[in-house]
Amino acid sequence: VARRRGTEALSSATLANLRRVSTATLTTQLFKRGLRNTFIHGVRRISRPGPNLVGPAFTLRNIPSREDLDQLKVFEDPEHPQRKSIETVPAGHVLVVDCRGDTRAASAGGILLARLEVRGAAGFVSDGCVRDTPEIAGMAFPVFCAGGSAPLNLVRHHAADFQRPIGCGGVAVYPGDVIVGDGEGVVVVPARLADEVAADAAEQESLESFVIEEIKAGKALPGVYPPNDATRARYAQWKRKQTKK
Amino acid sequence: VARRRGTEALSSATLANLRRVSTATLTTQLFKRGLRNTFIHGVRRISRPGPNLVGPAFTLRNIPSREDLDQLKVFEDPEHPQRKSIETVPAGHVLVVDCRGDTRAASAGGILLARLEVRGAAGFVSDGCVRDTPEIAGMAFPVFCAGGSAPLNLVRHHAADFQRPIGCGGVAVYPGDVIVGDGEGVVVVPARLADEVAADAAEQESLESFVIEEIKAGKALPGVYPPNDATRARYAQWKRKQTKK
Amino acid sequence: VARRRGTEALSSATLANLRRVSTATLTTQLFKRGLRNTFIHGVRRISRPGPNLVGPAFTLRNIPSREDLDQLKVFEDPEHPQRKSIETVPAGHVLVVDCRGDTRAASAGGILLARLEVRGAAGFVSDGCVRDTPEIAGMAFPVFCAGGSAPLNLVRHHAADFQRPIGCGGVAVYPGDVIVGDGEGVVVVPARLADEVAADAAEQESLESFVIEEIKAGKALPGVYPPNDATRARYAQWKRKQTKK
Amino acid sequence: VARRRGTEALSSATLANLRRVSTATLTTQLFKRGLRNTFIHGVRRISRPGPNLVGPAFTLRNIPSREDLDQLKVFEDPEHPQRKSIETVPAGHVLVVDCRGDTRAASAGGILLARLEVRGAAGFVSDGCVRDTPEIAGMAFPVFCAGGSAPLNLVRHHAADFQRPIGCGGVAVYPGDVIVGDGEGVVVVPARLADEVAADAAEQESLESFVIEEIKAGKALPGVYPPNDATRARYAQWKRKQTKK
Amino acid sequence: VARRRGTEALSSATLANLRRVSTATLTTQLFKRGLRNTFIHGVRRISRPGPNLVGPAFTLRNIPSREDLDQLKVFEDPEHPQRKSIETVPAGHVLVVDCRGDTRAASAGGILLARLEVRGAAGFVSDGCVRDTPEIAGMAFPVFCAGGSAPLNLVRHHAADFQRPIGCGGVAVYPGDVIVGDGEGVVVVPARLADEVAADAAEQESLESFVIEEIKAGKALPGVYPPNDATRARYAQWKRKQTKK
Amino acid sequence: VARRRGTEALSSATLANLRRVSTATLTTQLFKRGLRNTFIHGVRRISRPGPNLVGPAFTLRNIPSREDLDQLKVFEDPEHPQRKSIETVPAGHVLVVDCRGDTRAASAGGILLARLEVRGAAGFVSDGCVRDTPEIAGMAFPVFCAGGSAPLNLVRHHAADFQRPIGCGGVAVYPGDVIVGDGEGVVVVPARLADEVAADAAEQESLESFVIEEIKAGKALPGVYPPNDATRARYAQWKRKQTKK
């Protein structure tokens, strides 16, 4: 099965939709399609707040480190998978890192994240930690992880390989899956579903904008959320007005 | 045993006291009465900082969800316990939700919390998460929970019933118990103790205001904190001055 | 082995170095010396952001509390180890508290931390929580811990003794070890290594300032990070220019 | 929805099937019907090994205890939910107890389990612990739980009510759901699915008896497990022979 | 407060009582005296089943190990606290070890436990693991711990000191506290309560022997467990008969 | 680096040594060489007790499952990595499975383990669970895992690939590493160290056999364990006698 898809393959409509919908809405659309486990557990944006992170996943996998293999000199090898993955991730893609949820070491730091930004990566997601978080807090580059942890990766992590399926925060991530991150966290959208999920999510949010207006105006939940036919009719009218604006 | 008590039954003195004391002080007063487990574990205010949340508990209970029972269509039923509880909680009460500490799904979102606010509820407390946290961060309505999690409740939670005793963050919550939340978290005050605990907490904080003045002026802990007779005498004098102001 | 060393024994060069390097850099220097477990897990600064916390450790140890022994009256005894340790910690030292990672009670509160500040302690580190966190958030005094928890210490903790070796956040802390805290967390530097680690960390950060300039200017990682001979030569030149400024 | 069903309502064919199939097989049948979360986590048989436990669930719910409410005298009240549930569970039913997975106290002991056995209950399942485990190890009565814990229930648990939906080991249990326990653990079969799941499980095990014979005789997995048409044909023949025996 | 008491100080009546009652009964007696947290969490007997372990606690404390300090050569020092404590524990006492609940290394092995047995220690309790468990399974010497873990202690543990108050499995243990272990686990009886708790526990078990006879004969719980006056009268009669036998 | 090595490459001396030494001894030998994290956490033998499991690792890796990809039909594909790995593992090798420590589903069952046995695999190790444990308890084939869990793997696990480096129970496992399992658990010996570690472990156990004789005869620890020169001299003499027998 060809699961990989470059950013170029994300239609501009899908990109636009994914940039404005929330991860909450996306999980509902995925739930409707039978997918219940799509939100990466325990991860939040630690760099400067900004627009949604959107891009295809480029995956990096760590296993536990071993004292004899994981010494500082490994980084002198340009083929070291952590360094190589950073130099390889295509522009617009998101580096997604499997740390087995271990938060006792960093999976990247200020220099590597700066390099990712320069290379045009869309962002960085790890179910472990990163180091240099006081500096990273000021970066515009989207960094999502479990928090800050000073020790270098070698204390816990051995970068084993990249661009293979991984787990991240309890969720399966296949290379090319579409990653979306907002102020709540990160959702993984299977590549084949990205277009329809993005379109339906945008429509859902349009409806919910109307619903919340009604709720704030004092309407009760029954019939409004979820909407019955009468509410849907009012929504259709509201939407026509919105479009005119 | 009649454990329930409406907000109207909280005397204005008790309300005033609970609105100005800290949860830290309240746990000390409860500890003096033999209650050691009264602070909801793992919960913090995620909406805009503001005055203390105070109000009687209105409880909602979740159990693990089941794929065949917990589909989106359940929300079309106005008797669904989550929706019904929101439409039923009396003004001034706090909706307290038992999520078994499971943080992998939301227990409410922006629309439901907006409805709670419109209905005059005092606040929302959950030992699970909520969704739409970027929006909720701007709400004045007091929302205390374990954090943000995008997936809708059905992924993990089945709303089973409301207004029954529950556990929340490891603490027993009976309908009508008085909930107090501040910038540190949420304490559960048994209804029958609310008046005396509130009064004694206010007095304790008055004394501690004096103590911290003395400490900042250079006094050592022994005899001052806790205060011996000499310190209590100085406090009495200080208090008379405060009252005159 | 004489492991204790007063602040006066920290050379001014070492103090200056430790005040400007990050905990991330220090863990790398310790890793080079074979120490992999030096960063206190699960702790962050909860008081006002500020310069690095630096000072020798003065340790306090808690064990689980017992209902008959741990009642409020214990604080009337000036020899109570929690209170005594606060009155004993030398100026410039850091009170480091072993709470066995239990976050269900406080290990200190606003009054005790105010006393520590008045006494000239350098800061406070605990792998448990503290209470009165809304006030402490405004203190300049460095307070690092697992977060806020309202219940007083007696609910979970019995202060057993002080100035003995402890564990804190999974790391061994010996009295006199040098504690360094920044916006990422807290690292424990064994006393005998403090001078050389501080010096090497300062040099490492100088090099990394140069490296990040090159990375931001578009250089790729290989040969730059870690630096090869050519990069080191450019760095030497850059450093001479820096010194001239 | 009428979810409750007495033992009498379990057809003898269903009972016979459930008594001879494994919980492993039942989870596969439930998976085929879209139910992925049906096996109670962390529970094992601690009484004498014996035939499968089979019976409808009769549920008991605990919340965290509170020092003032949960004193020994509560057991003098015959309406106390723990005691009342034991005196009420119909013959052939299984008492299933929600302890929120807390293993620091017992949810029953030797005397209560003896009473359950005398009353004709089919068994006992708890996601907490029980006490008196050295004696219970010799009982034929099926007791499944998380292990032994000496402290009486009041230390952690307040029996709140019975015959309401509960969570047990992370699984939803509705009164009347069919509980099946074997040497591996306990599965919860929704009442409405019991007949078909039992029948299909029995057929699956018949096929697997044949498959394991072939595997032990040296056949490779492909085509045999899962079986292709040729294997199914051999199985049909084998089954005819079995029936003749 | 003089909390230590040698075995010689345990009266023969108390010893006899503690050897025949269960840890479950002892926790109930301690609960009656306001002590709710007395049962060591997560520990079981891993040596050959046998009579109750009874003896005063002799405590050993571990903190996290550090690579430079905790090398094999430390054992050459006869003052090393682990080795020294084994050579010092008085006959009849129980070595109780604080491992902070860390199960990733051993806290003792076959040779050290053999030495403890030869020295006449009553037993060994650790909230960590031990190594050489296949051999230890055959020892009569009572060994209670969290299970087997092959790596030597130095991987995780640094023996810091002995005969100081410790935590073990979440429970406070003071030197001289009376340790009782049975097939369910280990309870810590404060030294000053040992005599009365032992006596009352023996009487409680006598009553419960009668109660369980009645329950097995078909009596319902109300009035029997807990016993009302009529049941207590029958018990008095039964006891007189037992004594005559 | 050529890390893989077939069983055939394990010298008969090494095999013989590894079959008679304990995992405890092996971890000490690895600790001497700077390796502290070599014992798979949370795994025990669940099949019939027997001689040591010894063989090179053949690795299988699972990631979290996804509802649309992980349906029963996947097993019809002979290339499915779980099935393919079982049909591929060379005789004498150990199938080692990475389940991310998730114990809520099986990683194998009776039929697959029977196939492994028929194919001549040395054994099976998983940091997850297996199903059909009541049957497996009677198998001579060495099965080490976290316990029994009925649900089929697809509920949690997607077999991603095999013969790549993995983590298992917190330890790095490279294909070809030598796996040794005994009644305590499983240790991972890096391939390049297998010969020397095996020889030194055998010698260490010889010495310890002597030491334990002396300890049982009443010798104190100092000078005996670890042995000083005098003890080593007695050991040399003892060993000569042993050899003569």
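For the reader, a short list of remarks on this structure follows.
Note that the chains are named A, B, C, D, E and F in the order they appear, and that numbering of residues resets to 1 at the start of each chain.
The rule we apply is simple: a residue touches a chain if its C-beta (ideal position, glycine included) is under 8 Å from a C-beta of that chain, and two chains touch if they have at least 3 such contacts.
Keep in mind it's a predicted model, so treat the numbers as computed, not measured.
Chains touching both chain A and chain F: none. For D-E, the equivalent interface among the listed pairs A-F, C-E or A-C is A-C, as over half of the contact pairs agree by residue number.
Interface comparison, D-F versus B-D: the higher count of C-beta contacts falls to D-F. Each chain gets a centre from the mean of its Cα atoms; for chain B and chain D, those two points are 37 Å apart.
Note: centroid distance chain A to chain E, computed from Cα atoms, is 50 Å. Chain geometry summary: the mean Cα position of chain B and that of chain C are 33 Å apart. Residue positions 36-37, 67, 170 of chain B each touch two or more of the other chains.
Of all possible chain pairings, those that touch are A-B, A-C, A-F, B-C, B-D, C-E, D-E, D-F, E-F.
Partner chain E is touched in their complex by these residues of chain C: 33-37, 63-69, 100, 158, 160-161, 164-167, 170-172, 190. Note for the complex: chain C touches chain B at residues 67, 72, 75-76, 78, 83, 86-87, 103-104, 106, 109-112, 114-115, 118, 131-134, 137, 148-152, 154-155.
Every residue of chain B that touches chain C in the complex is listed here, in rising order: 22-24, 26-28, 31-32, 36-39, 41, 44, 170, 182-185, 187, 208, 211-212, 215-216, 218, 220-222, 225-226, 228.
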